[in-house]
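Report on the structure given below.
Each chain gets a letter, A, B, C and D, in the order it is written, and its residues are counted from 1.
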Amino acid sequence: MQAFDTAQLPRDPSSVRFEPGPTEDKLILSMGPQHPSTHGVLRILLELDGEYIVRAEPVLGYIHRMHEWMAEQKTYFQFMPNMGRVDYLHAMAWNWAYAGAVERLAGIEVPERGEHIRVAVTELNRISSHLLWWGAYLLDLGAFTPIMYAFDDREILLDILQAVTGSRLTYSYFTFGGVYNDVPDDFASRCLAFTKHLRSRLPMYRDLVTDNVILRGRCEGIGEMDVDLARRYGATGPVLRGSGAPVDTRRAEPYSVYGKFDFRIPAYSQGDAMARYMVRMDELETSCDIIDQAVSNLPDGPCSAKAPKTLKPPKGEACYAVEGARGKILVHVRSDGGPKPYRVKLRAPGFSNLSVFCELARGTLLADAVSILGSLDLVIPEIDR
Amino acid sequence: MIPAFVAKMGPVCSAPMDHAKTGMTLSVTVEAAKVVQAMEVLDAEGYLLEDVMASDLQDGFEITYHLSLLDGANRLVVRAMIPHDAPSLPTISGVYPGADWHERECFDFYGIRFEGHPNLHYLLLPEDFEGHPLVKADKARKSLADLMPLGYLVDCGLAEPEAEKPKPAAVKAVKTAKTEDA
Amino acid sequence: MSPDLLSFDHPLTRLVVGLLCVFAFVGLNGLVLVWVERKVAGHVQLRPGPLHVGPYGLLQPIVDAVKLVGKQLAMPAGADKYLYWAAPLLAFAPVTVCFLPLPFDPDLAPMRLNIGLVLILAFSGLGVLSLILAGWGSNNKWGLLGAARAVAQSVAYEVPLLLAVMSVAITAGSLDLYEITGKQGGWPWQWYGVQNPLAFFIFLVCAVAETNRAPFDLPEAESELTAGFHTEYSGMGFGLFFLAEYANMIVVSGVAAALFLGGWQGPFLSGILWFLVKVYAILLLMIWMRWTYPRVRFDQLLNLSWKWLTPLAIIDLALVVIIKGIGG
Amino acid sequence: MSVSALFEEACTGLKSLFVGLGITGKAFCQPQVTVIYPKQEVDNLSTFRGHVELVGKEDDPSVPRCVACGACVKACPSDCLTILCPVPAKEGEQDAPVAMGPAPQKGSKTPGAVIVDFSLCSLCGQCAKTCPVDSLRFSDNPYMVALDRKEFRIDLMARLKRQAEEE
């Protein structure tokens, strides 16, 4: 092999910091920012011993957009469309977290109908996020077909959401005090038809993928994490529930009308990739249950409270936690009484979930790292914000 | 009202908050040097670290740690104030390894140095970025008294209950008294 | 030039003509297979597959080939020039030789060799060399990992493959594919695949693994290694690897058809048609599997070979020897 | 693990593989769900929300309801709306050509031009929400194709006139 002078290559600050370890014969591998299984522009520096991972360090910031700065430059209303872009897969939950925080600050009450619509569209959006995750995770594991079946089902759902919100991905449907517009008349019946359809498809999902011996081999016992590790890293959502703690913001600090609904919070105690997988599959059913309850007795009345056209919340601060598809979304807004927020802090669940990856990946095979990464369900724009 | 373990954290002041109005139940202000001690107490109590937030105020950078127990509406915030000219405080990544990235993010946006942090480099910003984007201009900065409702200020001893608007001088006086106590 | 050479019976002439035919056969079948693969993938995924170029998208593979030929051949900085370009050629060349001893029809076997089976196994073993060269020569870490995987996988799966083939060879008492086919009858119960299903099963699994097809496509596992050994190849460099993969598939399916499914023989009529039908049935099965399963992990792949297939193949071989000993 | 348990596990594993083949095989025979675009069209275009457009007055659909107050321009998070009005002439300059300036302008209750730069728009609807006379709404035009980004600066007044003529 020809000698190649690596000194000629442009210096890469991230890998300069990632010095080779004390032992020799290790391979430093840069996975990403363009890699099929990093789902966006995430880069992971790996130190490999053969195919075993000695160290892993994610390098973030490739699509950092400084949303928190933008929030300080815009009025409360104007920042709303940004929220759909933070996590494009569960835009509704981010909409809700921001709207909720501002509503708490300004003391705006949301009418009952608005709350029900919010619950229904957020849960629909959660299903669409989980379906996409399911397909993409299997793509990571080398199965090409499930994503098409998932998209087939997701399409019905997106049609419903399009009829309500006018868009299919980056919704900015929430306003302070309710939702942007009322739902069409056939919304409830379409939702019920969809949940029925999805429930009928779940056995197929199970037979094709969940029971598959190859998938189980790839997921069982991989990336094990106990509750304490998850807690110390701040991992939430399906990742925490996969470690055995049935913790869900919808139940723990019930916001909106979630307290009225009866739903099961799935939790699996193995703490491995399979447990996280199973939690998400069960959550599809949970979301279906919630949607059924939310739309089957949709209250009459206005969908939105009258909010002032220029919102100036009194000085103070408010947090609002929402259970997103990836975990606990927390938006903290500080107001100085002016038309623009003084400080907005966005707590992205994926950020904390990904930070566990360094711990989980150590000592596993490269293929396991892909499996772990997929099981954390990352959306890079949310992590980078 | 205020749980017993708060006393062990070495609080400068603690103020109960209304969850329905703010999403938080308790705010504990500690001295910057004592955050690790406070976090050790909370870790033993089983709190989950949600995030680390910094804000740029007139009085200095305020670091806010959001924590909550796994179950229930019990968000607790720990606050610490550090001066603009010496923005540093000890890292809590030894207690909560998840704080590592959150602290790096604060370093990115505010230039706050976390003493003892294993890897304090830019996380989200490019390596060659100059400055810290969320640091406000002097004019735009507001003091804590301008940002917090009166009830909180009273609880924290930053304002008199009767005073409609606390005078800036009074705030200063309280602040200096606080540091003298330490 | 001796007059001997011009007659069709001269081995050299047969070789040259045979090779030409094989090239044509491989090229044509490669194109057809690309189309079949895409159509099957499409229909399995509830979409139509290629549609717009020609009727039912039939001309799509040709357009693809033209595109590949037209593309620039890039070589990464620091790659070993000779190894890098030798690899795709080496991937494709040995496969063509493997076609020579295949009996397509009682009257159509390019070369009748009494050790045809050995020749195929020997030359198909060469294929892995090209993967190593490609991975090593392209000076790419992903390529290197892919190459390392390819070696371990090839070594692991050649053992049960050989054992499975040997059990058939012992039953037939020959290493000549023509003869082995001849010993089977037209009806399914006369096929070795039905008489010895375990060997057939082991052979099929090993064949999928040897041709690096999903779920055993570890050397090129694109969600882990981006594209493994052919990460750096563009244009026809990639095209040759692509073609070699399909040619390899046809070879193993041809061998499987000859060894286990009675080759050209079939009920009612016999000939090349039956042979092709059987080959394509196996190919379809391989394609079908690819679009159904996730990829196994590398250690699981090796475990499957060493802990399951190899012992089973040894047991099968022992049984065959015992039965053969008792019977005759 | 006993040998029998091992074989039992292998059998369930193999069975799961065959079940998987069965499902994809069944899908192979099912009709496809793809909508082949130029030949077919999806059926939910009516709920599509494209760029904003002006709403005409009831008595004269070619004239927008817009009162050129400029509220939408201020509400827009990404500065994609431009409303131009004639600037009132200064004292002694009555004869000068009428200059156009950003709304609101004193004395002008109708817009001279309403332009939306769709390449900046994030379809949040803040403009339509703030409009005091409900003069803005989402259009349902899904086919937005252009070779030049300048073509995404859409003149809404011209669009409204065209729509009024078509009706």
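One rule holds in what follows: a contact is a pair of C-beta atoms (placed from the backbone, for glycine too) under 8 Å apart; a residue touches a chain by one contact, two chains touch by 3 or more.
Just so we're on the same page, UniProt names per chain: C = NADH-quinone oxidoreductase subunit H.
What you are looking at is a predicted structure, and each value in this text was computed from that prediction instead of being measured.
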By the contact definition above, name the pair with the higher C-beta contact count: A-D or A-B.
-> A-B
Could you say which chain's mean Cα position falls nearest to the mean Cα position of the entire protein shown?
-> A
Distance between the CA centroids of chain B and chain C (whole Å) is 66
Intercentroid distance (Cα basis), chain D paired with chain A, Å = 26
For chain B and chain D, let me know how many angstrom lie between their CA-based centres, rounded off.
-> 42
Starting from the mean Cα coordinates of chain A and chain B, work out the distance between those two points in Å.
-> 27
Which residues of chain A are in contact with two or more other chains?
-> 145, 149, 152, 208-209, 212, 214
Sequence positions of chain B contacting 2 or more other chains | none
When you check chain C against every other chain, which residues touch at least two of them?
-> 44-47, 291-293
Throw together a list of every chain pair that touches.
-> A-B, A-C, A-D, C-D
Write out the stretch or stretches of chain C touching chain D in their complex.
-> 40, 42-48, 51, 288-289, 291-293, 308
Complex contact set, residues of chain A against chain C | 1-2, 4, 27, 29, 35-37, 50-51, 138-145, 148-149, 152, 208-209, 212, 214-215, 217-218, 365-368, 370
Would you mind writing out the residues of chain B in touch with chain A in their complex?
-> 19-24, 43, 46-51, 53, 55-56, 64, 66, 68, 70-75, 95-102, 109, 119, 121-128, 133-134, 142, 146-149, 152
Of all residues in chain C, which touch chain A in the complex?
-> 41, 44-47, 77-80, 136-137, 139, 141-142, 145, 148, 214-215, 217, 221-226, 290-300
What part of chain A is in contact with chain B in the complex they form?
-> 13-14, 17, 60-61, 64, 66, 68-69, 72, 101, 104, 107, 227, 231-236, 240, 245, 247, 252-254, 314-321, 328, 330, 332, 334-337, 342-343, 345, 347, 351-352, 355-356, 359, 384-385
